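Next up: the structures, one after another.
Okay, so chain A shows up in both of these, paired with chain B first and chain C after.
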Partner chain A sequence: MSMFAVVRKQLKSHPALIPLFVFIGGGATMSMMYLARLGLRNPDVCWDRKNNPEPWNKMAPTDQYKFYTVNMDYSKLKKQGPDF
Partner chain B sequence: MSETIEEKIKSYRTAPFDARFPNTNQTRNCFQNYLDYHRCNKALSATDQDVAPCDWYQRVYKSLCPMSWVSKWDEAIESGSFPGKI
Partner chain C sequence: MAHPSQLGFQDAASPVMEELLHFHDHALMIVFMISTLVLYIIIAMVTTDLTNKYILDSQEIEVIWTVLPGLILILIALPSLRILYLMDEINDPHLTIKAMGHQWYWSYEYTDYEELGFDSYMIPTQDLSPGQFRLLETDHRMVVPSESPVRVLVSAEDVLHSWAVPALGVKMDAVPGRLNQTAFVASRSGVYYGQCSEICGANHSFMPIVVEAVPLEHFENWSSLMLEDA
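The block that comes next holds the complex of A and B.
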């Protein structure tokens, strides 16, 4: 933990470095958060094969998966009866 | 929309849009319908029901999948080495 003490000393003598830390830290945080969101909220990702085997099958037929659709009316019906 | 399955199968033209697979790459759509067809057959014949509704999945995967994949998977199922869960 002596690294933080060194950095604090340097920052005190060069305060212009503080925005550098802010922006780099913010960028790194946002990247990690996006990766976490992709890993946890993406229906294509399957973590638990026993209890949640195919999460993409849990989407309703009206769920929009893409970010932007040009001319897609998402009030569709489910194909084929539930049998298993 | 309360068409019965027989009417839907009779008026089938091509695979309909599936919200689970909206992008250009339809590989997983093909594989999912193949799996669903076999799972449907297994489930309905286990309870002695008519397996005719499963034909919907067969029409869809025959529309989507390349024939070489389908024959490869069929051979794998017969030899017991199919990797999917059916």
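The block that comes next holds the complex of A and C.
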């Protein structure tokens, strides 16, 4: 049997372990999702050297790059540096 | 600044430090409750007259002592992450100051409008006036306007240092060749002390940081006076 089927069978006789799987599984899922977000959305990461070689040069003051903003309203910001 | 035999944080002088204080209270309360519970259980186990003390199996209690710690951890993590992201936000600073770490002093540059720069050496113990604090006072203080967002760009000219002011909730490593940014708002006027927080040689303990927050007009007078003296 596959590993999942074995675990499911064992869980039936020890249902108290289900919360353990929920919390550990939830924690692992959340951390993997954050890693994926970092890999795909972080402007420091370059996947396509031909079409998008330096994504960190295309940052706009109105974009939000952080996962969570408490007080900042990025849509109101204006670019302060010179164009190059 | 800190007082002798102090156990807790210094009074907060910036909104970020207030948040940190409240989060510390929250987390410490949870820690005290858990520790008290554990201590009670230990004492109860050790002082009981009962002879059958060991439960061999119980599904209900296993669920409880898996779910409850998980919930407690989430209760700690959510405010913690909120403060983490809050501390990274730089809300349109009115002033930018460069703090450069040297062996073994700090130098501050105010270059937004004019070229103002000065060094900040610790006052040696034998030169202190009565009432001044040993190993904390400097000859020139970093003066900032109170209630204004200030951005500090921290770097170093030789080895690693770290610019820290606990009352403002600020600490940022000074790395040679790298520019690190931090910001704070001094909620009230006052003098705030800090010390270099990264080992940097013989006099690492003797290069303190003093931030003096003053109302804006006093700041303008001070910067004009400093520019004349230069």
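Simple rule for what comes next: the second predicted complex is superposed on the first by the 59 of 84 C-alpha atoms of A that agree within 3 Å, B and C clash if a C-alpha of one lies under 4 Å from a C-alpha of the other, contacts with A are read in each partner's own complex, and residues count from 1 in each chain.
Methods note: contacts are C-beta pairs under 8 Å (C-beta built on N, C-alpha and C of every residue); 3 or more make two chains touch, one makes a residue touch a chain.
A quick note: this is a predicted structure, and the numbers were derived from the prediction, not measured.
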Which superposed partner A:64 touches (first chain B, second chain C, both, neither): first
Which superposed partner A:51 touches (first chain B, second chain C, both, neither): neither
Greater chain A contact set [chain C / chain B]: B
Which superposed partner A:2 touches (first chain B, second chain C, both, neither): neither
Chain B versus chain C as contact partner of A:15, first or second or both or neither: second
Touching partner for A:23 - first (chain B), second (chain C), both, neither: second
Partner chain in contact with A:43 - chain B first, chain C second, else both or neither: first
Residues of chain A contacting chain B in one complex and chain C in the other: 66, 69, 72
Parts of chain C lying in touch with chain A, wherever the complex brings them together: 59-60, 62-63, 66-67, 70, 81-82, 85-86, 88-89, 91
Interface residues, chain A side, partner chain C - complex: 14-20, 23, 66-72
Chain B - residues contacting chain A, complex: 1, 5, 8, 16-23, 28, 32, 36, 39-40, 42-44, 53-54, 56-57, 60, 85
Contact footprint of chain B on chain A as seen in their complex: 43, 53, 56-57, 59-66, 69, 72, 74, 76-77, 79-81, 83-84
